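The following blocks contain the structures, represented as structure tokens.
In the two assemblies presented below, chain A is common to both, partnered first by chain B and then by chain C.
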Partner chain A sequence: MTATLTAPGALRADDGRLVLEVAGVVDEVPGTRTLVLRRPGGGLLPAHPPGSHVVLDCGDRRNAYSLTGDGSPCEEYRVSVLLCPDGEGGSAFVHRLAVGDIVSASRPRSAFAPVSTARHHLLVAGGIGITPMLSHARAAVRWRRSFELLYRHRPGAGAHLDELRGLCGDRLTAYTSTPEMLAAVRAALADRPLGTHVYVCGPTPLIGFVEETAAELGWPGERVHAERFSADLDAGEPFTAVLARSGSRVPVPSGTSLLTALEQAGVAVPNLCRQGVCGECRVPVRSGRPLHRDLYLSETERAAGDAVMCCVSRSVDDELELDL
Partner chain B sequence: MGAEHTSVPRWGSEWPAPDPSARTVLLVGFGARGCAITAAWAADVPAGRPVEVLAADDADESVLAVLTARIAGARVGWRLMLAGPEDDVLAARAVALRAGVLDAEIRCAVTSTDRKRVYCPHCRATTTTTAPVAGETPCEGCARRLHVYAHVSRRAGAYLGFMADAEEVA
Partner chain C sequence: MTTALSARVARFPFPFATDSYRYLTNVEPARTPVTTAAGGWGAGVLDVDDDYAVELAERAAVLAADPTRCQELPHMRVASWDALTTLLPELAAACPGETSLERDGDRWTWRNDLLGTARTFTVGDDDSLPEGPLAFLGSQIQDDVVLLDQREGALWADAGLVTFAADWSMGFDVGMRFLEVHGPVPRVHEAGVVQRAERFLMRLQPGEEYRRTNWTMTVDRRLDTSTETYAEWGRDRRLVVGDPALPDRLHLRVEVQHLIRLGVSNAICFLVRTHLLSLRELATVPEWRQRFGAVLAELPDDMADYKGLTRFRAAAVDWLTAG
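Entry: the complex of A and B
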């Protein structure tokens, strides 16, 4: 999971940001680099639920990267970063880092945790979307949770493939063919015990396939969990923002963010990243169901439905009433 | 705690219809009125989706055991629909929720709310009563006088009772 944003020098001081030293650099497969991060003097780092990410300062921008560990207290974090030559430069920054470099990162944020009451976990990963799934798989092995992992990767470029084989055994099925992967995903969604939850991270079309197929096969949305690359957000459905205090109505067309629509209507909302990562643009919601697409809010915050990150998130309902 | 406890459920005045996205459905009717509803539901489930209909007098141990077994064997896409008096529906729903079935996978039609199950926090027995909310009933377990509190535990499927004369004792 990767999201890129511009981080001007005027970033609000985040309390509790972590100062980390690059303690190791592993280039396991071409184009994907794993960083091992530790406190400069050593010592425990904050524990986190599986599937969490940190927001790393990458020069003039900030990127969110999934932590691949199982989340129990430990002295190092690992992130794996795919070099995107056409990206915004964050991944190139990471690929230039060397052992001994110091980086600043947020504390871990959880927005993609496993459901503790699930009877079985069906993990679906495409490409570098494997990173949060590696964390889930490790935790599932550690806590003896029932799980399986379906992983589509490019031939010869399967990040963490050997590690996953050792960790998961026959619970891992890896595919280099997309049609075969999608057929396997459909077959799994068609026949899993009640109580199963499905988790997907990868390219937008894979997430869309899982969500649509699951719905078609009778999976309630509560059993389906997706971690998106925020850069890949689709244009979204149009809706209307109702501003409770002024009573005005702001149309939000497809392809325009709620933040942009508010700005065009003359409503100033603090913001920084405009990519759903930094947490600046949070707006309170009075009614209507938000369609959360950010990487900032925790699952509890999402479920509460009383706030929305307006730079990327939209509305499930035709109207979203904001406390503005 | 929060999510585990809701206030008294408000059943819609109209009965829900079968979920069109269901792939298999279990219908459980309690009493004659409940069973009439499950019969109507069975006719409404889209063709080609397996439906099982259970008819019962009330949500006794044997019915709940069958329900538990069906849940254990169910696959994702399964839906549960319950029809009958509130006490039976709540008892069956509680069994399903405790087994990991989601609210989104359960639909209920309540034919009457006269009878209530009241949970006694002192002895943990559950008493069936026709007392109204805010009324009183003796606990079948410990004989304390229980005040029927306007609070339903989802996972217990019962109203919360508490000792009616607590102040006097204290």
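Entry: the complex of A and C
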């Protein structure tokens, strides 16, 4: 599954990115390309829960791609990318990559992990939405979790189908007809044991169908999981911090935090977590509307608008005047 | 003063930056070295010191007497393997001469000359490690371990091996939510400290590591001050007051706590490494003596009560400020 994040630099500036080499390119079915990514010198890559993604630099944009491995520490990551001729260009970029090319990726991010207390995992995939499900199925086999996978693909274009057959055996049912697939999903939702969790990834109508049918059949919301890329802190719009006491002006570019910009301008601000939780980096605001992105200030403090946690928060207005 | 004593002082994580102490969501990135008035600490996640073998022998004895100190709800087995396979390489890197780890796929061979341990096991195969991955991990690192599962928008303390608790009980807390675990702590709920902490922890991404410190005081070098053994250590808090050996018996107890998002299982691994320093050792650093005296004198009553300091606080302050 792919999601285009609008702004480049969607992750925290200090997020240690991975430099990866394209070690293999596999065109399994027409239009879907699998990249094998390794560290240029070899070595283990970070472990990740099933259903995680990495955010890949694709020329002038960043795209999130699901990792298809089981998540145990290993030396390669694999992503499978569907070429979208009408898309915004990320997939075309990936399809131009060749063995030996170097790409930059985020560390793995998890937003679609299996629930450990589930008695049974019902996996539902449509099209290229199979990628996080492949990861789920692999991990379920490795850790002996009870699961089944319903997969709808176009005739002759079932990415990873052979691999899945070998991995899942009769726990996989594949469909090329949408009505048959939807009927099977409904039947599964209607009779799986209490304590089953359902996970869906694919086209929006499929996700909608699973969510609506589950709700109709009385499934509690906590047992229904859909792959949606969570909004990490984005790079934010550029603005200028005006330091009221010295009169100096500090530009804060997109992708740089106010705290970092102040430090680079030689203004020391106490700080600890740089994550917006500890409360150390609070800075008084004289004018301009702060864009609060921290977890520290209360609703009342936010509304007052007279202080900002400068490690994560930014400005709504072009200028933010600080009492510094 | 013996050399062993000064080594303990030099690497002690003295936690006070000012003359007063309040609860905060005081988290910072792990592996950041800290310089103190006596030396420093904090370059790594695991801190193996001269007390390593003694403390692990003590953990084994506590566990043998009370197996309920190790708890694991059935769905936490993957997290336990994950904690073991994350932290053994860490220990191997911290003690390259004394330990070694060989991996052949899932087949791992671990040697630890500090304890005379040599084991081969298969990651994920419960039969290959009969005591379980969590208990085995606890036999190799000084830290207490709690593993938290994340689901339904909350964190749950669903597994742990805790033998050195500062007046709480893993057996009592297992299966509780993060907020319930912190139920007895004064002030933090009103101040939003634990709510913020939980939201922060739930957002940690695979492999991210943070740490914080917490502190209290203990009579004698007693690591096992669990609720279960209160009858053995509780009255010492009263008896120590009239004892001329008070400065040798009363210890500042500092916990260096690590918060790690495990990659494979998505669990939060909470490590608690306990350091004890007697007031007399502490006083070898005049800055520490002055500062801890001030913190202790200023500490609000409800916090002192919760930490169990009320009986001996005045006597400790007297001794610290008389120097």
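Side notes on the structure shown:
By definition in this document, the second predicted complex is superposed on the first by the 217 of 324 C-alpha atoms of A that agree within 3 Å, B and C clash if a C-alpha of one lies under 4 Å from a C-alpha of the other, contacts with A are read in each partner's own complex, and residues count from 1 in each chain.
Just so we're on the same page, a residue touches a chain if its C-beta (ideal position, glycine included) is under 8 Å from a C-beta of that chain, and two chains touch if they have at least 3 such contacts.
Everything quoted here is computed from the prediction, not taken from an experiment.
By the touch criterion defined above, A:T196 reaches chain B but does not reach chain C. Shared-chain residue A:E222: touches chain B and chain C both. Legend: residue contacts after superposition of the two complexes on their common chain; A:R33 is shown touching neither chain B nor chain C. By the touch criterion defined above, A:T117 reaches both chain B and chain C.
Of the two partner chains, neither chain B nor chain C is touched by A:H160. Residue contacts after overlaying the shared chain place A:S298 against chain C, while chain B stays out of touching range. When the shared chain is aligned, chain C comes close enough to touch A:R142, but chain B does not.
Within the superposed three-chain model, A:C273 lies in touch with chain C and out of touch with chain B [touch as defined at top].
Overlaid on A, the two complexes show chain B and chain C touching the same residues of chain A, namely 117, 222.
Only residues 24-29, 75-76, 78-79, 82, 85-86, 123-124, 149-152, 192, 196-197, 199-200, 205-207, 210, 262-267 of chain C touch chain A when the two sit together in their complex. Interface residues of chain B, counted against chain A in their complex, comprise 19, 21-23, 71, 74-79, 99-102, 104-105. Of all the residues in chain A, the ones that touch chain C in their complex are 46-49, 52, 71-73, 107-110, 113, 115-117, 139, 142-143, 222, 272-275, 277-279, 295-296, 298.
In the complex of the two chains, the chain A residues touching chain B come out as 117-119, 189, 191-196, 215-223.
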